[in-house]
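Some structures are shown below for you to check.
In the two assemblies presented below, subunit A is common to both, partnered first by subunit B and then by subunit C.
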Partner chain A sequence: MTHQMHAYHMVNPSPWPLTGALSALLITSGLMMWFHSNSIFLLVLGLITNILTMFQWWRDIIREGTFQGHHTPIVQKGLRYGMILFIISEVLFFTGFFWAFYHSSLVPTTELGGYWPPAGIKPLNPLEVPLLNTAVLLASGVSVTWAHHSILEKDRINAIQALIVTISLGLYFTLLQIMEYYESPFTIADSVYGSTFFMATGFHGFHVIIGSSFLFICLMRQLKFHFTSNHHFGFEAAAWYWHFVDVVWLFLYVSIYWWGS
Partner chain B sequence: MEDDIKTKIKNCKTAPFDSCFPNQNQTKNCWQNYLDFHRCEKAMTAKGGDVSVCQWYQRVYKSLCPISWLSNWDNQRAEGTFPGKI
Partner chain C sequence: MYYKFSGFTQKLVGAWASDAYNPQGLRPVVSREAPPIIFATPPKFPSATPAYDYAGKNHVPELQRFFQKPDGLPVHLKRGLPDQMLYRTTMALTLGGTLYCLVALYMAAQPRNK
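This part shows the complex of A and B:
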């Protein structure tokens, strides 16, 4: 019987990259059908296959790492590099939207009246709900760190509690933003102000939902005893992502909500 | 007739160089003078002063600005939708 003489993980053949790529095709073509041909079918099919791919692919990774022991230290290092590079790519993604905002707001055109916020726009008061949102996310950064330390110190109950607090704060942020969007006196169609505001805050909110979901999965795994005090990379990846989401919000708050008002 | 045209061309003037707007894109120059004239006109008529002191700004913007912009802005002012602060 042959054994591998190295510590790397030679992953077994898997259908999920293909189903993921196909789901991407269905989503993009589905969007076109929805926009132009009044049909939502392809899009829904694409979203379902996308969610199924994510569920099954990540379930397999958990099986390989947590149950089968394939995630040796060097494999974990690769996963760390991967998560870091992914977050860097997300930073660049948001950089685009911040570039658009500063391009439009630093030299406001004559159509806007030559000033920012533009003519007719009443911006949200940065000292009201946006400030609360800032406090909520900063607090969630503290609680996720509490969760991490609890895991490191083998404190199961505190880890669970801290994760619940973090996820609840994330949900609270999302609910507050939904309410703000609903009550907002301006829409995405209201000049370049509306465009830059809703594109930047909208994608940020989407990332909050992704981060909260990731943390929720970590909570489920913690309840099922997946994490040990010295091996819990899934949690660390979620925590890094969460901190990234928090930092993006801080930039949003200072640039768009505060300076931009 | 020829002399008239030659002297006309010699005497023809336009807006001078304004160091506040040194670059090729003179949009801001046109816009600022349009605003300045109408603010001056509003202030002088409010205080019962002589609007002719505002004439310089008007001559500059009429020289620099595309006529389509001016008709657009004049219409907006008439409708109350002009975005600039006057």
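This part shows the complex of A and C:
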């Protein structure tokens, strides 16, 4: 029997990249069918296959790392690089929306009245729910750090409690934003103000939901004893992502809610 | 007044009596269950349970043994039947959906007769 002479992880052949790529095809063409042919079937099929792929792919990673021991320190280093590069790509994604906002708001056109916020737009008061949202996310940043220290100190109960607090704060933020969207006096169709506001805050909210889901998976894994005090990269990746989501919100709050009002 | 060491602030902070009776960092050696009842015919106990048991037992060691069995199965099929069912469902939906998508795109590309 041959053994590998290096510490890297040669993964078993896996079908999930193929199903993931095809599910992306189904989602994009499904969107097209929904917009132009009044049929939601392909889109729903795409979303289902996407969720199935994510579930099985990440389940396999947990099997490979926690149960089969493939995540050596070198492999873990690679995973760290990967997560950092992914978050950087997400930063660049949001940079686009912030660029669009500043492009339109620094030099307001005559169609808008020559000033920002544009004529007829009544922006949300930054000192009301948006300020509460800021406090909620900052507090969740504290609680996720508490969770990390609890894991490092082998404190199982505190780690579980801290994760529950973090996830609850994330859900609270999401509910507050849903309420704000419902009550908002302006819509996405209301000039470039509405477009930039809802594209930036909308994608941010989507990322909050992703981050909360990631933390929820970490809670499940913590309950099942997957994390040890010196090896818990899955949790660290979730915590990094959550801090990123928090920082994006701070930029949103200062730029769009506060300066832009 | 009781005190405990807060890992977060690195200082002593006030605590409830429960923390004094269950000090952090000191894991109880004995099981927290009541002393064993003596039966005429002693019941069978499961193999050595860990002393500190919060919300479930640690199944990771047995899962590690299970997933490292040298049966040649790839990791996505290692559990056997449930894995296979889920894989087949995913693949069927994906490939079926792709064919449907290609047909729909072909039809959408046909010119509309005025």
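Just so we're on the same page, the second predicted complex is superposed on the first by the 261 of 261 C-alpha atoms of A that agree within 3 Å, B and C clash if a C-alpha of one lies under 4 Å from a C-alpha of the other, contacts with A are read in each partner's own complex, and residues count from 1 in each chain.
Everything below uses one rule, namely that a contact is a pair of C-beta atoms (placed from the backbone, for glycine too) under 8 Å apart; a residue touches a chain by one contact, two chains touch by 3 or more.
Remember, it's a predicted structure, so these values are computed and weren't measured experimentally.
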{"item": "First, second, both or neither for A:Thr110, with subunit B first and subunit C second", "value": "first"}
{"item": "First, second, both or neither for A:Gln177, with subunit B first and subunit C second", "value": "neither"}
{"item": "Which partner, subunit B or subunit C, touches more subunit A residues", "value": "C"}
{"item": "Contacts of A:Thr134 with subunit B and subunit C, given as first, second, both or neither", "value": "neither"}
{"item": "Contacts of A:Arg63 with subunit B and subunit C, given as first, second, both or neither", "value": "second"}
{"item": "Partner chain(s) touched by A:Ala119 [first = subunit B, second = subunit C, both, neither]", "value": "first"}
{"item": "Which of subunit B and subunit C A:Thr49 touches, first, second, both or neither", "value": "second"}
{"item": "First (subunit B), second (subunit C), both or neither touched by A:Leu26", "value": "second"}
{"item": "Partner chain in contact with A:Ser143 - subunit B first, subunit C second, else both or neither", "value": "neither"}
{"item": "Contacts on subunit A seen with subunit B and repeated with subunit C across the two complexes", "value": "none"}
{"item": "Footprint of subunit A on subunit B - complex, ascending", "value": "27-28, 31, 35, 83-85"}
{"item": "In the complex, subunit A residues that touch subunit B", "value": "110-115, 118-120"}
{"item": "Residues of subunit A that touch subunit C when the two form their complex", "value": "11-16, 18-19, 22-23, 25-26, 29-30, 32-33, 36-37, 42, 45-46, 48-49, 52-53, 56, 60, 63-64, 66-69, 146, 149-150, 153, 155-158, 160, 223-226"}
{"item": "Residue ranges of subunit C in contact with subunit A within the complex", "value": "7-8, 24, 52, 54-56, 58-60, 63-64, 66-68, 74-76, 78, 86-87, 89-91, 93-95, 97-98, 100-101, 104-105, 108"}
